[in-house]
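In the two complexes that follow, chain A is the common piece, with chain B as its partner first and chain C second.
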Partner chain A sequence: MLVLVTYDVNTETKAGQRRLRKVAKKCEAYGIRVQNSVFECVVDHTQFFQLKKELSEIINEETDSLRFYQLGNKYKTKVEHVGAKTTLNVEDPLIL
Partner chain B sequence: MRKLLNTLYVTTPDAYLSLNGENVVVSKGEEEIGRIPLHNLEGICTIGWAGASPALMYACAERNISLCFLSSSFRFQTRVIGESKGNVVLRKTQYRLSDDEKESVKIARNFIFAKVCNQKWILERATRNYPMRIDVPTFKESSKYLTEIMKRILVTEDLELLRGLEGQAANRYFQHFNELILQQKDDFYFHGRSRRPPMDNVNALLSFSYTLLANEVASALETVGLDAYVGFLHRDRPGRASLALDMMEELRSVIADRFVLNLINKKIINSKHFLKKESGAVLLTDEGRKIFLKAWQERKQEQITHPRLNEKIPFGLVPYAQALLLARFLRGDAEEYAPFLWK
Partner chain C sequence: MLVLVTYDVNTETKAGQRRLRKVAKKCEAYGIRVQNSVFECVVDHTQFFQLKKELSEIINEETDSLRFYQLGNKYKTKVEHVGAKTTLNVEDPLIL
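After this line comes the complex of A and B, so read on.
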């Protein structure tokens, strides 16, 4: 299924900037960056659970936030892209 | 059944593949042209002189992702295989059976039986689908001939004889191959099988699809813990994935031949997508290659009902399903290996 992950990390402090990098890195391991701080991850239930757990361990719940949108398996009809920088879909034929 | 994941094909010459976190990164020079999480991939296949970093090779081997390199003329070059692990007992049984000619014949027989049966099915199906465009009586006659061969295969106890029967069947089947090409007949004419190098458009397509299929079968076998290099029909030769070739026999016509015919008959590919070299060898152009791979990937996503497992699976998982069935037989959980008999 496709999960959209978005995050907001408070970067006023050094620790905040570190958290931001960590969150971005973790998201990158699971999915594709579609915009700054927006990731599309094609994962199964276990992987989704892991991702949620790992991310919530990184952030500081007082100042940062995470949002997960589950778009299911038939997500292709639900996503539309307008404008520059189209991204790869990891389930379409991948020919580079 | 597990989920069929995607395969990444890299056709950009001089691309370099590396590992970044959990991602495979494809770059050309300084520029990054793609980045895909490893957990979405089943395999990576590079064509032309793409290189890969040792870290990526290691990550792929660890996660059971097949990483294979083909030359720009689609000759198979190398596959990266990790440390031997998995089921030792299963592999030892495989070696024992492979050394024993009598036992080998029993398995090889099933591969070849299915191969001929599937070839026959393709001919039969053509008589039903295009009765006005092909010569039905000769097709029917060949179909009967193949049935006779199938009967003889079932009682064969000798590997040499089995290879002979296989050859006869293949001969007869390929005689009709040209008639199965219904569109673009001027550009796609099948004179007979030629390989290394393929000398015409049809053979170029066939060779490419066989290479891809062989690699997919080999990684399926290794996924279930078998040794792709120790075969029953194909004898051992260093560097040859004999078992993969064995198992491919039954899948060739259903998966590869039909795919190639589809490409031609639906005009997905045309004469502009080929290059002729001075040596007479025919190659696909970069664009042709991309179209081919895209169609191949889409074909793998199509759902079929597996005739033996009675379960809906994507076409791309058929090699894996067959590898499972073979492992089941070697483990002693099944009476015999159940080949893929397409209906």
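After this line comes the complex of A and C, so read on.
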């Protein structure tokens, strides 16, 4: 299923800047970045649980926020893009 | 239906900063801000078409991007939040 992860991390401190990098890096392990703080992750339920757990352990719950949106398995018609940085379809074969 | 709007606007120029404000203002007319550049809008198909059109007319398609995610009508179980700034449920009665 496709899960959209969006986040806001308070980067006023060095620690916040570190958290931001860690959150992005963690999301990259599960999916692709489609906008600055928006990732699309194709995961199963176990992986989704794990992703939420790992991200929740990184952020400061007082100042940062995470949002997860489950778009199910038939998501291609549910997502539209306008403008710059069109992204790879997460399941398209990567031809290297 | 719930539509999630996420956007990246290039704010390196004054014009970009103006576009960012305009995009946010337009989204506020249709829904609520849940994170810095993430809005949740409960709209019908006509309103959704209108929202896309109006936002597309604001951005610079070379440098900015918009993404729309349709979460359907039964969306409450599809959305999870962790951390700061929990938001009002868009359809909860506002008790003033």
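In the analysis below, the second predicted complex is superposed on the first by the 93 of 96 C-alpha atoms of A that agree within 3 Å, B and C clash if a C-alpha of one lies under 4 Å from a C-alpha of the other, contacts with A are read in each partner's own complex, and residues count from 1 in each chain.
The rule is short, and it goes like this: contacts are C-beta pairs under 8 Å (C-beta built on N, C-alpha and C of every residue); 3 or more make two chains touch, one makes a residue touch a chain.
It should be emphasised that the depicted structure is a prediction, and the values quoted were computed from it without experimental measurement.
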First (chain B), second (chain C), both or neither touched by A:Glu28: first
Chain B versus chain C as contact partner of A:Gln47, first or second or both or neither: first
First (chain B), second (chain C), both or neither touched by A:Thr13: neither
Most chain A residues touched (candidates chain B, chain C): C
Contacts of A:Asp64 with chain B and chain C, given as first, second, both or neither: second
Interface residues of chain A shared between complexes with chain B and chain C: none
Touching residues (chain side chain B, partner chain A) in the complex: 3, 6-12, 15, 20-23, 26, 33-37, 39-40, 290, 293-294, 296-298
Touching residues (chain side chain A, partner chain B) in the complex: 25, 28-32, 41-44, 47, 88, 90-96
Contact set on chain C toward chain A in their complex: 4, 6-8, 10, 34-38, 52, 55-56, 59-71, 77-85
